C-alpha cells in the first residue's frame, strides 16, 4: 500500500492517501449502476478517478472541494493513468491533513510574504496614498494571503497573487534606483493594487482554488472593479483627486493592449513600468514552470499562455537541477 | 456693407456683423507690428481672419469664445478666403445677439427635447432604476441641454448629445415592440446614460463648444467615469445590485470593440442593441451632413469619421432639396 | 410506449413516434453485420441513433431527409443519450405527420408573413423599382416561404429567411420615420432582396432544411448572385440605371466588412442602415435563442456565432418564463 | 528658345513647345486680375504653370485634356520649378503633334500587341469559351488598345492594360508547360478578361489618361462589372454554365485578399496562378520604373504601391544603363 | 493473402507485405500484456496497427524508421481501418525492398533532376557567384538529392526539395526572358539556395522522411542558417561583398511576410520574383495533390496549407484522369 | 551680441556663436543670386537658417557636419524662428569648441560608462563566452563609446547606445537576484551585444550623429549582422556551439514581434527578459524626455515613438524641476 504523490503513480500500484476532489460527477452506467467520475489532486498533480458500483450510503456524500481519504488501484485507460477507487471517506479534523500536501503553493511562506508586503507599504511617502493602500489591504488581507493570481496560467497556485505582487515590488524598488525620475509612491501603490480585485472577480475556496468567476467579475472584470474600489476609498479618506485618478489610471492601463482589457495606455512612466513588471513576473513564472521537470538540453511542451512556445533548458543548466 | 453668413462670403465683399471667435493668436510681424491671427465663426461656417497693425488699446482685449462685432473685407490667400479686419469690438448685452446665429445647433428645440426625454424616463417601470436615471439627469440637466456629443464628428453641435440620445430613444421604443424579449427599462436607462459623462469628459462653454478634454476625461474616459457615477448613485439610493451592475455593463460595452474603448462585449441583448442604435444614429447624422450641401447625382468629399468614404446623393433625391 | 419530444427523452424510456432522418450511414460491424448509424430529429432536437443487425429487406430503404416511424429505447453512451432502434418504416401519406412537429419553424405563420411582406412591397413608391421587387419575389415565392436564413446560426429554421426579412422591414418602417432623409423605397427593396439568392446558394428540401451549398453558391456566393439577378431583371423591365446600380450596391455592401464578403462599404445611408438592421435581427435572434432554456440569474453556454460569448438571463426576467 | 522635354528643364530657360494640359483652374489674383493656374505635361513629366494677367480673349479657351502650344520661362518657386507662360494657343491639326511626345506609353507598339493578343485568343481550344473572349474583346477593342491599367501606380500609361495582359499571357503560356495539370483555356481567358471592366470603371480620354472613375466603377467596381459582363455574354452565346461560373470565379478571386476586393479565394489552380501572374507583372513594372533613372549602387525613393519600399539598383547593373 | 497497397485495403482482408514503421509505441494492456501500437506506411498511405500479445523475443526489436515484413488482418475501429498484426520481422538486404514502394517520392528521377540542376548552375555567368553555388551544392549534394521540402505540406516527399527548386528554376528561366531587366545569375543563385539550409533545419533519414527539427533549426531557422552559410563561403572564396549581401538579402526576404519569417521585404526585383515563384510552386503542388484522387465535378476536402480551402476539379478535366 | 543657446533664441536678437551644420543646400534665388538654406544645431536644439547673397568666395566652403562660427539675426517666418546669417566661417582648432555644447549627449561620462561596462563583462563566469564578448567589444570599443542607439527616437544622442546598454545591465543584475533561475552570463552577454551591430548598421560621424544607414544595414539589418558577427567570432575562439547558438537566438528574438524584425520569439527566459529590459529602458528614456520641459499638471505633445501618446507630468512632481 503506497503513499506516493500523484506525479509518481505507476500502473498497477495500490494507493492509499489523502486527496482533494477537484471536480466530481455522479453518473449511471448502462447497466443502471451509480458510479462516481471524479478528479483527485494533490500538490503534485491531478488524476481522473472512477468509483464503480458506488454503495448507496455514499451517494451524495462527496463534492468538489472536499478532502478525502481513499484507497484504489492505478490503471491505464487510453494511454492515460486512471484511479479505480474501492474505498473513500471524507477527511476529518484529526487526520491532520496539511494544505501544503493537497495544493500547490507559492514557494515562500505566506505570512512572511505579507510582512514583507507591509514593509513596502510603509515606504510609501505620500501619507494619504499610503492610507488608501493600507485600508484596502486591511479589507482584503485574509484573502490576499491565499488567493492565486489566475484561474489558469501564471501563479494559479495558493498565495500566487501575493507572491506575484511581492516579486514585482522587489523589482520596482531597484528600478526606482536606476530610473531616478520615477515616483516610488505611485509605483508601489500601483503594483500592490493592480490585481487586487481579482479577489472579488474569482471565487476561491480556503485552499486558494478558483472554481468560477463572480457575476461582477464577468460583467465588469477586475480592472473596472479595482478602479471603483480605489475611487470609493479615496473619496472616503480624502485622497488628493489627481493622485486618485492617476492611481485609477495605473489600474486601467496595466494590461496595456485594448484586446487584453486596457482601453487606454499609460500616460505616466510608472504605468509603463507597472505593465512591464507585470509581464516579466508572469513570464518568468510560466517559463520556470515549463522547464522545471525536463532534462537539460531539451525543449518543454508548448506553453499555452505564450502561444504554445516551447521553452529550452540549456545543457549548462545541469548543475541547477541537483 | 453686407451682413451675409460666412458660407456665402465672396472675395472682395465688405462685411459687417457679429461673429464668435473660435481661436485667436496675438502675433508680431517681421516689421515688429502686432496683429491678430484668429478664426471667426457663425452657424454656417468658419473663416481665418487677420487684424493687421492692431491698435495698442485693443491688445489683450479679445480671446477665444468671445462674441465680437467686426468690419472687414473678404480676401483670397492661397486658394482660401480670408477676412481682413479693420474694426472690432466685443458684443454687448443690448446687441441682442442670438446664440442660434453664432453656433450650429441641433435641429430641434432643446427645451422640447428635454421634455420629451423626461417622458421616456417616466416610462421606466422599475422604480429604483427610474430614480437613478432621474437623479443623474437632475445633476447634469443644465449641461445636458447644451452639450455636443463630440469634439469633432458626429453631433458636434449645440445640444448634440441630447438630440443623439433622443433619436436613439425613439428607435429603442419601436424596436422594443418588434423584439418582445427586450427589457425596455434597461434599454432606456442604458440609452439615456450611455454617454452621460461626456459632460465631464469634455469641457464645453455656454455655446456648447468643446475646446478641450478634462483631466479625468484623458486618464479614464467617459465610459469609466459613467460606470463610477452609476455605481455611486446606485449605492446611494439602494438600487438592486444586479441591475446596477448590468447597467454599468451596458455603459462598459457600448463601444463594442476593445480598440474603441470597450474591454468587454455585451452579455445581454439590450447591450447589443444599444451599440447598434448608437452606431445608426451617429452614421445617419454624419452621412446626412455629408450630402447636405452637394448636388444630386454627385459624391461628397471623403467623410473622416467613416474612413474617408465618399457619400452619394442620388439623382432621385432632387426634390428633397427644395 | 412514450411519444415524447426528443428534448424530453430520458435514459431507459421506450419510444415510438415519427422523426426526420437528418443524416444516415450504413455501416458494417466487426462481426460483419450491417447496421444503421443515423441522426433523427423533431422540432425540439436531434439524437444519434443505431439500428443494429439491420434486417436485409431494410438495407437501402432509408436516406437523409426521410420521415420515418420508429420504435426504440433511449440509452446512454459516453455521457450522451442515444436511441437503440428496433423497428422502423417510412412514413406514409395517411400518417398525416405535420411538418411543424418535425422541424423547427419561425414563430409566425408563413402564409401570414408572406402577406405582410407583400404589403411592404406595395408601399414602394417608385413604380419600376416595385415592379423589379415583385418580379423577383414572384420567381422565388414558393422557396422564400420555407427557406431558412442560414445553414447554421441565425434563423436556421423553416421560413427563417422570410421571418428575418420581415422583422427587418418592420424596423425599417419606423426608422424611416425617425430619420427623415432616408429613401423608403430603396431601403425596402434592399431589405427584401439582400439575401434573396440564399435561395439558390443553399439547397434546401421541402422541410426547409439545408444540407449543402450549390456550385454557384460556392464559387460566387449569394451576394454576387443577387447582384447578377437584379441586373438581369432591371435590364428586362427597363429600371432606371442609377437606381438599379444603387440597389446592386446595397446588396454588395450589406455584409459591410471585406472579410465577411463585402468588398465595398455603403455609399448611401440606406446601405448603412440595411447593414445594421441585418445585424440587429441576427443578433436578437441568436441571443434570444441562447437564453431561451436557461434559468434566470445564469449565463448561457458560449454562442458560436458571436465568438462564444455567454449570454446572461437577468433575475428580473423570471416572469417571462412562465 | 528651347524645345526640351520637361524633365530636362532648368531655371531661367525660355521654352517653346507643345504640351498637354493635365489640369487647369482660372483664378483671380488679389489685385483682381484673372490668371491661369495649370499643369502641363509631356511624355517625360509634369510642371505647374502660371499664365498671369490672362488676356480677356483667352478666358475660357482652355481646359484639361487640351493640347496647346506655349511659350514661357522656367522659374523656381519654393524649391520646385514652375513655368511662367506668356503666350499660349490650342494646337491645330496641321501642327502634327504626335501622341507619343505628350503622354507616356507602353514600350511596345499597341497594334502589334493587339495582334499578339489575338494569337493567344486563337489558342483557346474550348470553342464557346473562345467565342466569349472574342466577343468581349470585339466590344472593347478600341479602348483596350489605349487604356492604362490604373489611374496611378502600375501601368498607368497609354496601352498599359494591354501591355499588362500580354506579359501575363507570355508567362502563362510557359507556366502551362511546367505545370501540366493547368487548363490553358481557362487560364488564358482569365488573364485576358481579369481587368477588362477597368475600361468602364475608369474614364480615360483618347490619350489614355484617366481623370475619374465612372459611377458604376465607384458603387460596384471592375470585378463585379466583369462578372456581370461575362455572365451576360455567356448566356447570349450558350456557354456551358460550369465554365462560365468558373470564369466568373477567376475574375472574383484574382485580387485574392478580401481587403483588396476579392471576397473569395480561388478554388481552381488557374485562379491561384492568375493572381500570382498579376502580382508579378505589376511588381516587375513598378520596380523597373523605380530604378530606371537612378545610379547603380543606390536606392530609389520609396515606391508608394509597395509600402514605400526603396528599390536598389546593384552596381553590377552598370552596363544596362548605356 | 494479398499484397495490396495500403490505400486499397478493405475490412477483412488478410495482408502480407513490406512496410515502413512511421511511429511505434510499446504499451501494456490492462491485463498486463505487452503490445505494439504503431503506424505502418507505404508509398500510398499510412495505417494504424496493433500487435497484441507481443511475444517476449520481439520486445525491443522494432523502432520508427524500420522496414518490416508483416502479416495481419484489416479490421475496423471507430470508422477507421486498422491492421491487426500477427507476425512481423525486420526486412533484410536480400528482401530487395525498393524505396519507391515504401515512401512517396517526387515524380521525376532524382539523378536526372540533379543533372538538370547542375545545368542551371553552369548558366550562372558571374564566376565567383557560380563558384559559391557550386561549393555549397557540393557540400549538400547527397542530402539535397533525397530531402523533402517540408515536414508536412508542400513537397513533403522524398526529393521534394530538389523537385521544388527545379520547377522554380524552369519558371525563372522563362520569366527572365519576359522581364528583361532581371539578373538571371542572382535569380538562379537565389532559387537554388533559398531553402538550402532546410537540410540542416530538419533531420531526415535515408528515406527522406523528417521526424524532427535540429536544435539550430529551432532557435534560428533555415533562413538565418542559410544567410550564415552564404556569408561564410562567400568570405572563403572572395565573392564581391555587394553580391554576397544581396544574395543573403534574397534568402532573408523570400518568405516575404514578417509573420512567416522574413523581417524585411525584397529590395531588388529578383527577390520579389523569387518569392512568387516559391509560392506558385508550393500552391500548384498542394492543389494538384488535393484533387488528384477526386471525381470531376466535385470539391476536395479542405486543404490545410491554404486555410482549409476546398479545391474544385472541373467536369471538363474528365479526360485527364484516364 | 548674444551667445545664447538655440532654445532660448527670441525674434530680433543678434546672435554670434559656434554651431553645427546639420544639413545644407546651396540654392539660387529667382533674382539669380546664390544663397545657403541650412540647419544649424547646438546641444539644445536646431534652427533653419538662410545666408542670402552668399559671397562668391564662400560658395562650396560648407557642408553638413561642419562646425562653424556665425553671426546673424533671429527672424520669424510663418510662425517659426529663422536665422538670417550675415557672416560665417569654419571653426578652427584654436577655437576650442567643446563637443558637449554642439550635440546632445548621454547624461553620464562616456569614459566612466565604458569602465562600468567592462566591470559587467568581467562578471561573466563562462570563460569562452566572456572572451567572445571581450573580443567583440575590443573591435568596436571606439565607436561604442560615442554611437547613438538610434537615428531618431530613443537615445538618439551621443553615447546613447552605451548609456542604453549600461542601464539595462544595471537592471539585469538586480533581476538576476530576484529571479534565481536566470543565467547571468547569458543575460549579460545578450544585453551587451543585442544592438552591437547598430554600429555598422548606421553611419555616424565623430559627433555621434547618424546621417544614414549602411548598405548592409539596409538589406540585412543589425539583428542579422549581429548574429553573423557572433557566429564568426564564436567559431574563431571555439565557443561551445549550444551557447553560441543561444546567444545568436537572443539577438534574433530581442525585438520580439515579427513586424519589428524578430522572426522568432525567445525560447529561454533570458531572451524574454532581454526584450523587456530593452523596452523599459527605451520607454523610460522617451517618456522622461517628453516631460522634461513642460509644466507640472500638464500633458506633453504626442510622442511619436509611442503612437503619439501624450505623457502627463503630475502636479506633485513640482519639486523635481528645481
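Chains here go by letter, A, B, C, D, E and F, matching the order in which they are written, and residues are numbered from 1 within each.
Here is the rule we use: contacts are C-beta pairs under 8 Å (C-beta built on N, C-alpha and C of every residue); 3 or more make two chains touch, one makes a residue touch a chain.
As the structure is a prediction and not an experimental result, all values here were calculated from the model.
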{"item": "Required steps from chain B to chain F (each step between touching chains, minimum)", "value": "1"}
{"item": "Chain whose mean Cα position lies farthest from chain E", "value": "B"}
{"item": "Numbering shared by both copies at the chain F-chain D contact, with half separating same from different", "value": "different"}
{"item": "Chain centre separation in whole Å, for chain D relative to chain B (CA means)", "value": "45"}
{"item": "Geometric centre distance via CA averages, chain F-chain C, whole Å", "value": "63"}
{"item": "Residue numbers of chain C (touch at least two other chains)", "value": "218-219, 242, 246, 267, 299, 310, 312"}
{"item": "Every chain pair in contact, whichever chains are involved", "value": "A-B, A-C, A-E, A-F, B-C, B-D, B-F, C-D, C-E, D-E, D-F, E-F"}
{"item": "Partner chain B, residues of chain F touching it in the complex", "value": "11-12, 75-77, 79, 299, 310, 312"}
{"item": "Residue numbers on chain A that touch chain F, as the complex places them", "value": "126, 167, 170-171, 174-175, 178-179, 181-183, 186, 240, 242-243, 246, 265-269, 272-273, 276, 279-280, 283-284, 287-288, 297, 299, 306-307, 309-312, 314-317, 320"}
{"item": "Interface residues, chain B side, partner chain F - complex", "value": "27-28, 30, 32, 218-219"}
{"item": "Residues of chain A touching chain B in the complex", "value": "215-216, 218-221, 223-224, 227-228, 231-232, 242, 245-246, 248-249, 252, 257-259, 261-264, 267"}
